[in-house]
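Starting off with a structure, shown below.
Going by the order they are written in, the chains are A, B, C and D; count residues from 1 in each one.
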């Protein structure tokens, strides 16, 4: 990790100044239609969760006790770190430093790929202990929302592979594509931050 | 290396990670009994709102985007968390 | 079909009456869709009260009473007569996908999804309700099964539509002819991914995730209907903006090349 | 550039196959396959004891039921490229895929229904289970015709450089013969032709798995060789 940092730290500063122009929509503006739509949909789910939680406080609190807070917290850090390297990689790509961008996106991909793996370590013991979506409303919400989020993560990992390919093979990497993919990945991150607070942390 | 540490993005990341750990500790400490605890919930949700806003403005680079986008995303964060807290307290 | 004369006659000077409209076939297909959806809604809501869905946990006498209602059989007859119109909307969309610069594989995926979806999402659940109403002597447990099966197949059919809309969304995003706006492609993908949230109807028997629940039915329906409206409007614009020279029945003189390419895949 | 769409659709097949394999491995009904000789009470007891597993796979199956459709759609495109007089085989192929997939989805629904409320009358659980097996194992007619259409298009292809090697067509004809026995599962409750027998169950699923792998390879090769062959593609 240190090599990456040393090799390209100066580029980061330069690219930040270059991209400092105000009023720039990162990535394909059609993609923002998707992002805002997705934020709204998840928003409805979050509020729905809170409403039904208000009806069954005891059940939700008791069920929450069975979640694995450690894996949840580690996964949050994984996604945050992955997001950091995505944004650093985007800056490097923008500055034309392809080697640094590639390295950073590889690291981002590794941290991102750890998320579904850890999720399995969380889900499989729970399911085999009989904690399934049909158990109660809390677990239905838990599996539907984290499952939905996991689909987004999987899609994001695929997009990240395409970004890597774009950076690696094409003569002039399409910066707008890199930004579009990065925007999507950060949205996945934002959704998880809210999910983490709602499912694992609040009382 | 030092340049990367001084990079504002890395500082944002460090902040995000720290508050993640802090909010986990709040939940572990104050919420260990798994009973309704408005202090824990309020703290945790407000931290999550700040985190979401930080990721949106710094990682998604919305802080350099046009005003409509800033307004929409920040509006989402504010309205969402207002509704969440509102429904939480209404359901007590 | 009373809406038909309203079909606009685009620019072409010689098209004075609707009969001479060069795109008449497409407009007929297009206007059959609201006709069908209105009929669909009338049969489901005020005629049979199948929709909004009844609760999966209603008591057996309630279910038996509902399954024996005569209006169910009439609803079944009307839909059996009309369900052939369901694929027409998809055919209408397919014509626009055909104009895109993408591989026909996307169209074929949509066709397969439409074939499958019309049967598992429409004919089959309808017959479940119809079978229950057909012979009053069935035991309550049989009627409950048909009731469950009808609602689950109707609301819980996901995979076939998923592949169909995935192909549609991807085709829009990859298209280089700009037949439909790019954001519609993203919207479509977002829409169908959200629809997957309806999967819990196969588990939950009450609450927001049951087949009559707030999340899986009302919210999903709201998203779906608004999306369908927007797609429909975009298709309207696409048909309207299609240049006359590109049509299969365009006069052969001006663009022989264009004709050759389009007729290659027409069938 | 022209074949980008086909390549994207083609590469959705490996993850789809992975999910199908996962569903197969964790589906309690398949390990070992339920015997047709079980009494309704035994079947009902089995479903009551395995609700989570059956429901989980039925839902997964519902979601991924059509995920191999893109692979078949690409096959249809390649059939239409063959130098024959018309695209009749393409359309026959597409309709066959649509109908065949319908049968698979209905099988999935029947299993899902049986596990949705496993406490209903055992006779009904048994009926649903039988129905699922009928839909799952017996209707091989469409996939047989489907493969026949494909084989014919390869045999009749008049191109100087054929799209597919001839042995792929021979292989498709062979799968027709290997899949045919499953239709007889309706006649037997035990023995090799019963729905859990080696001919109807093991042979059928193995053939299908090998068929998907071979077709994926052959299609990948065909699409990569297609190049700028756009006139026929359009």
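Just so we're on the same page, contacts are C-beta pairs under 8 Å (C-beta built on N, C-alpha and C of every residue); 3 or more make two chains touch, one makes a residue touch a chain.
Please read all numbers here as calculations on a predicted model, not as lab measurements.
Asker: Quick one: report the Å distance separating chain B from chain C, using the average Cα coordinate of each chain.
Answerer: Chain centres of chain B and chain C, defined by C-alpha means, are spaced 41 Å apart.
Asker: Report the inter-centroid distance (CA atoms only) between chain C and chain D in whole Å.
Answerer: So the centroids are 25 Å from each other.
Asker: Per the centroid of Cα atoms for each chain, what is the distance between chain A and chain B, given in Å?
Answerer: Chain centres of chain A and chain B, defined by C-alpha means, are spaced 14 Å apart.
Asker: State, to the nearest whole Å, the distance from the C-alpha centre of chain A to the C-alpha centre of chain D.
Answerer: Distance between chain centres, rounded to whole Å: 35 Å.
Asker: Chain D: which residues touch two or more other chains?
Answerer: Residues 55 of chain D touch two or more partner chains.
Asker: Could you pull out the residues of chain C that touch at least 2 other chains?
Answerer: Answer for chain C, listing residues that touch two or more other chains: 196, 199, 203.
Asker: Could you classify the connectivity of these chains, where an edge means two chains touch, as line, ring, star, complete or other?
Answerer: other
Asker: Throw together a list of every chain pair that touches.
Answerer: Applying the touch rule to all chain pairs gives A-B, A-C, A-D, C-D.
Asker: Where on chain A is chain C touching in the complex?
Answerer: Chain A reaches chain C through residues 28, 30-31, 33-34, 37-38, 41, 44-45, 48, 52, 133-134, 137, 140, 144, 148, 151-152.
Asker: Quick check: in the complex, which residue numbers of chain D touch chain A?
Answerer: 51-52, 55-56
Asker: Per the contact definition, I'd like the list of chain A residues that touch chain B in the complex.
Answerer: 2, 5-6, 9-10, 12-13, 16, 19-26, 32, 36, 39-40, 43, 46-47, 50-51, 53-55, 57, 61-62, 64-65, 69, 72-73, 76-77, 80-81, 83-84, 86-88, 91, 179, 182-183, 186-187, 189-190, 193-194, 196-198, 200-203
Asker: For the complex, give me every residue of chain C touching chain A.
Answerer: 181-183, 185-187, 189-190, 193-194, 196-197, 199-200, 203-204, 207-209, 214-215, 219, 223
Asker: Spell out the residues on chain B that touch chain A in their complex, using ranges where they run on.
Answerer: Counting only chain B, the residues touching chain A are 1-4, 7-10, 12-13, 16-17, 20-21, 23-24, 26-28, 30-31, 34-37, 40-41, 44-45, 47-48, 51-52, 55-56, 58-62, 64-66, 69, 72-73, 76, 79-80, 83-84, 87-88, 90-92.
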